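Letters A, B and C name the chains as they come in the text, with residue numbers starting at 1 for each one.
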Amino acid sequence: MKIQYILEIVGTFSFAISGALAVRDQKHQDWFSASFTAFITSIGGGTLRDILLDSYPLVWISDITIIYAVMAGILVTFVFYKYLIGLRKTLFFFDTWGIALFTIVGTEKALHLGVRPEIAAIMGVFSAVMGGVIRDVMTNEIPIIYSREVYATACFTGACTYLMLNGMGVGRYTAFITAAFVIIIIRILAVKYKWRVPAFFR
Amino acid sequence: MKIQYILEIVGTFSFAISGALAVRDQKHQDWFSASFTAFITSIGGGTLRDILLDSYPLVWISDITIIYAVMAGILVTFVFYKYLIGLRKTLFFFDTWGIALFTIVGTEKALHLGVRPEIAAIMGVFSAVMGGVIRDVMTNEIPIIYSREVYATACFTGACTYLMLNGMGVGRYTAFITAAFVIIIIRILAVKYKWRVPAFFR
Amino acid sequence: MKIQYILEIVGTFSFAISGALAVRDQKHQDWFSASFTAFITSIGGGTLRDILLDSYPLVWISDITIIYAVMAGILVTFVFYKYLIGLRKTLFFFDTWGIALFTIVGTEKALHLGVRPEIAAIMGVFSAVMGGVIRDVMTNEIPIIYSREVYATACFTGACTYLMLNGMGVGRYTAFITAAFVIIIIRILAVKYKWRVPAFFR
């Protein structure tokens, strides 16, 4: 459980940065909206997963470290945002790191709670993308899942990879690391080569 | 419980089709967004109801058949959408079927969990319409409940019909079928004669 | 518990009026959308708080008085809206009264459920503002928290005031009333002098 915990903290911190940075595109932005958005982006997906799975108390309610990780992300964004934004790839980096960790952490958590692999994969994807979806919905943006970008699909592939390796009896760390890398690599390739999810209606 | 179960499956399947078809109006659509939208539309209302009523595990988490019904709806939409869309009334048909079933199934479920009839009626309406509301909110559409169409109002009337018949001691199947037909007929008449819910401010 | 209960009823009634009045700005409005919006605005924040804290049954499900308070708010709005809207400050009055009560009631409830003060403050703010946020999201408005207005920040300050006084051993009623007044006064001053929350990015 130890390493999962550390990864959840790192993922939360990464998502808080990507959330706070996202507020920059809003017509109005302030300390409250930046903090609120960082908070929603980083804890939204996991919170939805835990509510759906009836897994209480919610992690950020029972363990104040999560809130501090969000606050650290907000402060780091505030202090360093000129550098963070200058590097056009920063938001991408933190977001990709966040979705990779959260997908696998979410999939694992759901499995531990005894649900079927199909449901665990859905929960992994929800953990990773729904924080961003809630953020986008609140700020009247169209969520990335409606953009044809290979985003949630990358998470889904990673979750399935983990579940397959897990089902084959591969050790937990190997499965975790392999699956997270699958997500990161798919995301990098998808952005680089402008991959698109196939159209449903032609 | 048997027939309620079958009707929930049929309602889920109907809503999955109406959800997947709805993605066609989006600027971008792909396999993921169609599947995600079908899923949210069909399980959103019942999930909200069960979270509000603290009724766990959620049906689609404990029973994989629901997920398969959603997948069947997605596949049927993909294979037959040229015919489905050609028939302008198809989306209306599946949606009406879905809201009629979900309203009564939701009202019944809430009653069985011991809440008052007023709350059961609210839960019935939520089961039927909130999946669509969540879908519309995510895709930046104004939900149908803000259109003056007789939609949620039809569900509410059906839920009240069920509760009244139930209170009068009418048999369950009679009450169920009568109330579902009330919803379907109101919806058909409302669309045909362009009924509007009365204005609140004049 | 008695006074908290009465204040929750008064807050619910106030929020129902502000919710129903808000529908007036919609392209379409009718009895259903006004009632639905009044309901969501007044019970949304507390419902989210209770779901996050796993505090069941939800207040409005176990106690029908809440629903009646919402209905009373809707009826009062319908009968008197010409006068209510004529007084440009009415919406502001009911909304300010609502957020002040709900912030402190929500903070108290969270504390009683045993969470840390930091979490209790978040829950207080959520109780007060999330009903309005859900309403705005559903009607495609940008929530007030993205407007730089001193709104959620006023609630947060009030929640912290309550927690500080509470931690110092001040009596409950004194702490409650002081904190509620802090919120009301900050809101009045903020609107009068057009205070803005400091920008996050400069």
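The criterion applied here is as follows: a residue touches a chain if its C-beta (ideal position, glycine included) is under 8 Å from a C-beta of that chain, and two chains touch if they have at least 3 such contacts.
From a predicted model like this one, the values you see are computed outputs, not experimental measurements.
K.L.:
For this assembly, give the contact graph shape among line, ring, star, complete and other.
P.N.:
Chain contacts: complete, every pair touches.
K.L.:
Suppose a student superposes the Cα atoms of chain A on chain B; what rotation angle should they report, nearest 5 degrees?
P.N.:
That rotation is 120 degrees, given to the nearest 5.
K.L.:
Please report how many Å separate the Cα centroid of chain A from that of chain C, as a whole number.
P.N.:
30
K.L.:
Among the residues of chain A, which are close enough to touch at least two other chains?
P.N.:
In chain A, residues 51, 137, 140 touch at least two other chains, as defined above.
K.L.:
Contact residues on chain B for chain A in the complex?
P.N.:
For this pair, the touching residues of chain B are 20, 23-24, 26-34, 36, 47, 51, 56-58, 60-61, 64, 67, 78, 81, 137-140.
K.L.:
Per the contact definition, I'd like the list of chain C residues that touch chain A in the complex.
P.N.:
Interface residues on chain C, with respect to chain A: 51-54, 115-116, 118-119, 122, 133, 137, 140, 142-143, 145-148, 152-153, 156, 196-201.
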